[in-house]
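Going by the order they are written in, the chains are A, B, C and D; count residues from 1 in each one.
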Amino acid sequence: MAELRTEEFQVNMGPHHPSTHGVCRLLLTLDGEKIIKVEPYIGYLHRAIEKICENRTYPMCIPILDRFEYVTAMSCNYVFSLAAERLAEIEVPERAEYLRVIMLELNRIASHMIFFGTTVMDIGALTPFLYALREREMIMDLFEMTCGQRLTYNYIRIGGVSRDIPKEFIPKCRETIKTIDEKIEEYKRLLNGNPIWKARTIGIGKLSPELAIAYGASGPILRASGVEYDLRRDDPYSIYDRFDYKIPTYQNGDVYDRYMVRLDEMQESCKIVAQALDGLPEGDIRAKVKPNFKPPEGEVYTRIENSRGEMGVHLISDGTNKPFRLKARGGSFAHLQLLPEISKGCLIADLVAIFASFDVILPEVDR
Amino acid sequence: MIATSVTFWLKDLLGSIGLSGDLLTIATYGILAVAVFSLLSVLALFLVWWERKVAGHIQQRFGPMRNGWHGWYQTLMDGLKLLQKEDILVFTRDRMVFFWAPIMCFVAAFAAYIVMPFGEGLIVADLNIGILYIVAITTFTIISLLMAGWGSNNKYALLGGMRSAAQVVSYEVPMVVSILIVVLSAESLSMVKIVEAQGGWIWNWNIFKIPVVGLVAFITYIIAAVAEANRTPFDLPEAEQELVAGFNIEYSGMKFAMFFLAEFINLFTVSAIAVTLFLGGWQGPGPASISFIWFFLKTFAVIFLLMLFRWTYPRLRVDQLMEFAWKFLIPLTFVNLIIAAVMKHFGWYLGN
Amino acid sequence: MGLIKKLPVFAEKVPGGGIVTTSIEQVLNFAQAKSLWYLLFGTACCAIELMCTGASRYDFDRLGMIFRASPRQSDLIIVAGTITKKMAPRLRTLYDQMAEPRYVIAMGGCTIKGGPFYYDSYSVEKGIEHIIPVDIYIPGCPPRPESLLEGCLNLSKQIQKRKLGDWQEK
Amino acid sequence: MTKEELKSYLESNYPELTYSESGKYDLLFIVEAQKLVKTCEKLRDDVKLQFNYLGNISGVDTTENYLTVYQIASISNKLRLDIKVILPHDNPSINSVQSVWPAANWYEREIWELYGIEIHNHDNLTRFLLPDDWDQGHPMRKDWDAPDFIRFPQK
């Protein structure tokens, strides 16, 4: 029998596609359903945040950086404030540090909820997405109570936080983290025993630790590959050394492990929030910072553990009231360039699962 | 008193007002066709609404609420809106293929109801090869999906069409073998005979009447039927997250509505077949005049089960889907068939 | 549907035809207003709020709105998020692919006038009205789900006020 | 290894690195453009350091020079280091560090695109952040101007 001639063809996935989570374009070269090559094309959400930040005063940069990574806007606020504080050597009050930790961890949970929902939805089950968003709403309520916004907070400012938490916050927060902790157990029961879920995730998109480090992967993706590296512990910032928490690490580096790392991380975050609520001291919420904030000359690169890996800000000051250069680094940028490496030879459905498990948020890539 | 079938009764009625010959046949079947068509259209509209309600309640929402009591005329509004939408004909060399695909899908979905016994005597035509006819006619759906995929001149649609063809062809085998087990025990291909071979009580249904084998056959049939109806966890042809909308990506307005309705009619078809073959059909306690109530009750129960599947499970991958069919389901159904044949030989049935 | 568009021309000539046209008009507009299937089109922050509006607490499905991934089958495009100059032609393509009658909701500041922050950005399109016609503007950065729901209800009211055949001309 | 130890270690073992005072929190060293790739390889393969992780590369336009700053880290030894390269303002060009850290690929593409710094030995130097038909130069440069770009005065 003569050999059948097959032909490769190219499919554009995006910029508008349900599973690219925003506006990323993946140019797939396919052989049937099998993927031969993936080329990500980005820039559909390039808003020139870095350029316009050079044109703003320091406090004005914070709301813009909210939009840099809107799913964890608190981290964006924080990483910039931290950079400015390190430049100007500002001492932050104790209470403000605690409030920051509470907000950062709550936001981490909210972000992982989005991850959980969208990943499960991309693998075909729509219902857990709505469960995840239901729990996320509880955290949104807490944020709304504190700073009046649901998504872009502008809460963590240079030298502290913008306002104190209301009275009702603490009991409601305790209740919320308790519920979320229980719900995460429920999610695990819902999916981890499901044979279809296991078949779709275990062994898919394996990422070796060497490749992960070489390509600059960070956060949950690095930990799912067996590298126990968490900036909260290994490059300490804020007051994370005062809390007792584990760093969930898995060994296989497949979609399932990346999913499990995040679920476990949510529970650890719940623990941190509970401890921070217990230890919350009284006092000032903001250090004295001049309205016309002018840090001395110098440069600093701060990095924190965001829900999508290392989030960094490279801030260069020339002594004026505007940053001379602000480079924002998001974890997704590195993860997206890793995608072509590990999705060769898999099927379209796997590519969707891998892409979802990276939890790429496009504004962080395009800026 | 209902005659042996509603068809004969209608024929008598029309004959009594003076019709005869070919005209009589045409008039009889014309009326029946209209009746079945309207019944199924209403059913499909209802199923869409019901699906949305079930989905909503599983997801802690309400589903449609604003249009009438709990949104009861929501799908009617959807249908009316789709009627007004612009009918886009995409630029493609195979315009005829693109045009005829939804119509074919729609017709194939309806044609199966010619031999569907809705109740005692409530059947359009009691063909002696009834179940074979259904299996044959529902296969037309694949061709229409392939046509839609090819004619759309869109790579996603083509992938969706190819996936659906591969999937339906694979799952046709376990489905037919599961059906064979019932045919073996009823010794007939006629839908009416199959129902009559069962009884009204639960132990007289094929699912329990043929001990264990019947249950296994029912489960394999349901799995194959879910795949046949292109529903989660086997909804690969229209996998939203992978292929955007699959084979129907380029269809708008009424053509899309045809696909949409056909999908829900297929859902009803596979559930109705499951009821007829395994769950005693229209048989149930009470007089024959309420037999259709039993039929619809059982069918809705099966549909509800399929809806629960849809909103609970993730989706399988293409190769896993094929592996499941060829490496697990087909051997299982064949072994099941052999056991059923042995049981038939020795007459090991309950209730006989 | 050309037939429906021509209906008033014929119906007006017969006595009492005006009443028939009006009532058909009402029914058809009502159907359009009550079944707005929206295209999943989110680019930035507003997309998360769009997702939240579809989820349990706010629930678009109550209003009969469900999402479709294909532009051919959607009636409404909710432009959620910043549109950059690179994305603008794609948005136009999506809009062109949608079947008439189609509606546009501009959600969030970025889609209205380029957003509260990007006024000096070189790559952000200053408002989507330069690209596609907009029916409803929803301010906010990002708008709350309640305001999105309000916007959809307002759109639904606007549709019901339309005359038969109006939508063809847009 | 603490920050001071790392500093003294680098100063004694790496003569090509020069310490810079402008780094406020982490150590900042300056290296010549020609020696960059060699030094990076050495830093990565040094058993005592193992800088195997590239966090970020930022390009900077100081109006007199262009800078590229490499933020690297060691995962096993938990160290952080910044390496700065100063490039001339006319025809800036630099060698790619892709062979040392594959992660550099996109960062260097971005610098090439937004700053116009030529990258040698890069395997895929194509436009990706800006629109495909962009013809207005390199927007992150300080002297970049466009009709709809408003610059506020520095105070």
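Heads up, the rule we're going with is that a residue touches a chain if its C-beta (ideal position, glycine included) is under 8 Å from a C-beta of that chain, and two chains touch if they have at least 3 such contacts.
Just so it is clear, the model here is predicted, and its values are computed rather than measured.
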Item checked: Nearest-to-centre chain - CA centroid comparison -> A
Next item on the list: Report which interface contains more C-beta contacts, comparing A-C against C-D.
Entry: A-C
Check: What whole-number Å value describes the gap between the mean CA coordinates of chain A and chain C?
Finding: 31
Notebook entry, point to check: At what distance in angstrom does the C-alpha mean of chain D lie from that of chain B?
Noted result: 63
Check: CA centre of chain A versus CA centre of chain B: separation in Å?
Finding: 45
Margin query: Can you list every residue of chain B that touches 2 or more other chains, as numbers and ranges?
Written below: 59-61, 240, 244
Item checked: Set of chain D residues in contact with two or more other chains -> 130-131, 139, 150-151
Next item on the list: For chain C, jot down the residues that touch at least 2 other chains.
Entry: 55-56, 69, 84, 86, 120, 122-123
Margin query: Please list each pair of chains that are touching.
Written below: A-B, A-C, A-D, B-C, C-D
Notebook entry, point to check: Can you list the residues on chain C that touch chain D in the complex?
Noted result: 84-86, 119-120, 122-123
Checklist line | Complex interface listing, chain B residues touching chain A | finding: 55, 58-61, 155-156, 159, 163, 232-233, 235, 239-244, 311-320
Item checked: Residues of chain C defined as touching chain A within the complex -> 40-45, 47-49, 51-52, 55-57, 69, 81-82, 84, 86-87, 90, 94, 117-118, 120-124, 141-142, 144
Next item on the list: Note which residues of chain A are touching chain B in the complex, please.
Entry: 9, 11, 17-19, 33, 120-127, 130-131, 134, 191, 194, 196-197, 199-200, 347-350, 352
Note to self: Please output the residues of chain A touching chain D within their complex, sorted ascending.
What the structure shows: 41-43, 46, 48, 50-51, 55-56, 86-87, 213-216, 218, 222, 227, 229, 234-235, 297-303, 310, 312, 314, 316, 320-322, 324-325, 327, 329, 333-334, 336-337, 366
